[in-house]
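When the chains are written out, they are named A, B and C in that same order, and each has its own residue count from 1.
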Amino acid sequence: MDAKVEGQAYDIPRDLYIPPHALQVILETTFEGPLDLLLYLIRRHNLDIISIDVSHITYQYIAYIELMEANMFELAGEYLVMAATLAEIKSRSLLPRTENIYDDEEDPRVRLIKQLQEYERFKKVSEEVAQLPRMERDVFPVNMIMPDVKKTHPQPEVEMEELLSAYTQVLKRCEMYEHHTISRETLSTRERMSSLMAQLQEHQFMAFEDLFTFAEGRMGVVVTFLAIMELVKEKLIKLIQAQEYGPIHVSLGGKNDSPNQEMNV
Amino acid sequence: MITQLSPVLEAILLAADQPLSVERLGQVFDEHDGVDNKRIRQALKELQKSYDGKGFELVEVASGFRFQVRQNYALWVSRLWQEKPQKYSKALLETLSIIAYQQPITRGEIESIRGVGVSSSIIHTLIDRLWIRSVGHKEVPGRPELFATTKAFLDHFNLKQLNDLPALDELASWDEATMAPAKLKNPQQQEIEVVTEPVH
Amino acid sequence: MITQLSPVLEAILLAADQPLSVERLGQVFDEHDGVDNKRIRQALKELQKSYDGKGFELVEVASGFRFQVRQNYALWVSRLWQEKPQKYSKALLETLSIIAYQQPITRGEIESIRGVGVSSSIIHTLIDRLWIRSVGHKEVPGRPELFATTKAFLDHFNLKQLNDLPALDELASWDEATMAPAKLKNPQQQEIEVVTEPVH
């Protein structure tokens, strides 16, 4: 693990290797990611990135990743990318150097430096932001009892136009529903007469409006109405109204067991 | 040793969300502060005097001292708290318009026209607003309430009678088909009667 | 006509539970009060001065004026407050700072600056606290959300405007050859790259 610098033994910094069991704690609580860790090592130990035994560290990282819990995988990936970047830098440094062999875009070193610079700036300023006087920590809101105040809740105003547009929308929606229905089933008066008769045979005495299914839309209602008129004309059913403007009931034509007056249609 | 006790007490009492007794205030200080209950009481008395002519005051209530905004400024405070009127929902407006044009009508009928349920809160809001009222029950199973609009509704919309409601182009044919049967003879007149005369 | 405006403003601001702008304060008065924004501003300035040496102060933050307990008394107030102030993680503060200085910014851009993923819970906490909000989408593949800070963020950190944030440093100068900060440059170490022997 020792490197020799011009014949003199030299300790390779080992800080980049962290035992797996400690890493989770350190990574989650101390460092904000691989950039933060690298920045720390560089600042703290005067670490020259080129001098790190990157390949060794890379192996350690891989070993760590294998040991890692599945839920830490994403974090491990980020550290692995960093280890790979360091390894790449290292490998390039071992190649014979020629001037300007990489342009700035390509050189992983330039990229990493830019990243470190940028990150350090924000890391520093975020520490300053953390020190800003903050509500509920450094300054407190003033709580004061209010005088007795009658809270008023003014009610919303509604304009006639709003009401009309609401109603128009209802009508439009019914029409859409109607078209949808009509396309599925052809409503004919005769068919409707039969189904009305069937209903009345079952219930004998029904409210007039219950014969209508509003969801069918205007067309459906018209068909039902025509069907009822037709049935009345054919004396198959009777319309009964107990009092003027009272509810109208319908029964089958044959047995009128109600004393109520019949309605002229 | 705290030499200027008044601003400290001021700060504590202003930050507190309940009245604080002299004893409770005393617990905030430690021995180095050199603050006893007598000093606290003295400082509070001086503070109280210092707020003459200010918008607030320091008063002693049963459980201790508290700051409060002076009652004479209630008017302006209340203007601050006046809420902006909310807008009514589309569902409410639709329900109201259906009742206006198709009254008297049951909730179930409104629902089948709208194709969705009508919440109780909409009906209650409209009743609270005095725009609709129950005018009787429909003689069908369950005897559901029949709703109709009121005079207050007409007043709000500057209408003399329901007849003055604008006619929608498609309205005539729609009405004939879906209006409650009792209205078939003369729909429009019938509508007006429901609104202007008590039903029972 | 209000002759003594200061105590009225005092009362209103003390009763309010959030900062109030001059415009908002102006809405409280009607034409008979003879109060315009200029008078309000003037009165606020006088009020601010009048609290010298008091336990509280009137400050202007992003969304307006508010009363608050002075920072020098935080020690005693915090002894009274049972609830400890919420602690925020370094990750959250870094994310917040990057958004504050680089807004509008996408989550991916924050991540590339931090060199590490930004957890959804951090973004949600910041949104829940109303410190950041989505202000649109970046027109790149995936149309990621763009985040920006809010007035509430400035209010919480006692700031009037984004400009009042601590200045962001210039990019530190680094030595590209050694990958070390320039001031740490060490000629001896620089030579290592050539002579270091690979371990494996």
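Heads up, the rule we're going with is that a contact is a pair of C-beta atoms (placed from the backbone, for glycine too) under 8 Å apart; a residue touches a chain by one contact, two chains touch by 3 or more.
Keep in mind that what you see is a predicted model, and the values were worked out from it rather than measured.
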item	value
Central chain (by mean CA position)	A
Chain whose average C-alpha position is farthest from chain B's own	C
Chain pair bearing the highest count of C-beta contacts	A-C
Centre distance in Å when chain A and chain B are each reduced to the mean of their C-alpha atoms	32
Inter-centroid spacing, chain C versus chain A (mean Cα positions, whole Å)	27
Whole-Å separation of chain centres (CA-atom averages), chain B against chain C	35
Touching two or more other chains - residue numbers and ranges from chain C	11, 14-15, 56, 67, 69-70, 77, 81
Residues of chain A whose C-beta touches two or more other chains	140-142, 144, 146-147
Partner chain B, residues of chain C touching it in the complex	4, 6-12, 14-16, 20, 27-29, 53-56, 67, 69-70, 73, 76-77, 79-81
Interfacial residue positions of chain A with respect to chain B in the complex	140-158, 160, 162-164, 166-171, 173-174, 177, 207-210, 212-215, 218, 221-222, 225, 241, 245-248
Interface residues, chain B side, partner chain A - complex	11, 14-17, 56, 66-74, 77-78, 81-88, 90, 93-94, 96-98, 100-101, 109, 112-115, 129, 138-140, 156-158, 166, 168, 170, 173-174, 177-178, 180-182, 190, 193
Chain A - residues contacting chain C, complex	1, 3-6, 10, 12, 32-36, 42-43, 46-51, 53, 55-56, 59, 74-75, 78, 82, 89, 93-94, 109-110, 112-113, 115-130, 132-142, 144, 146-147
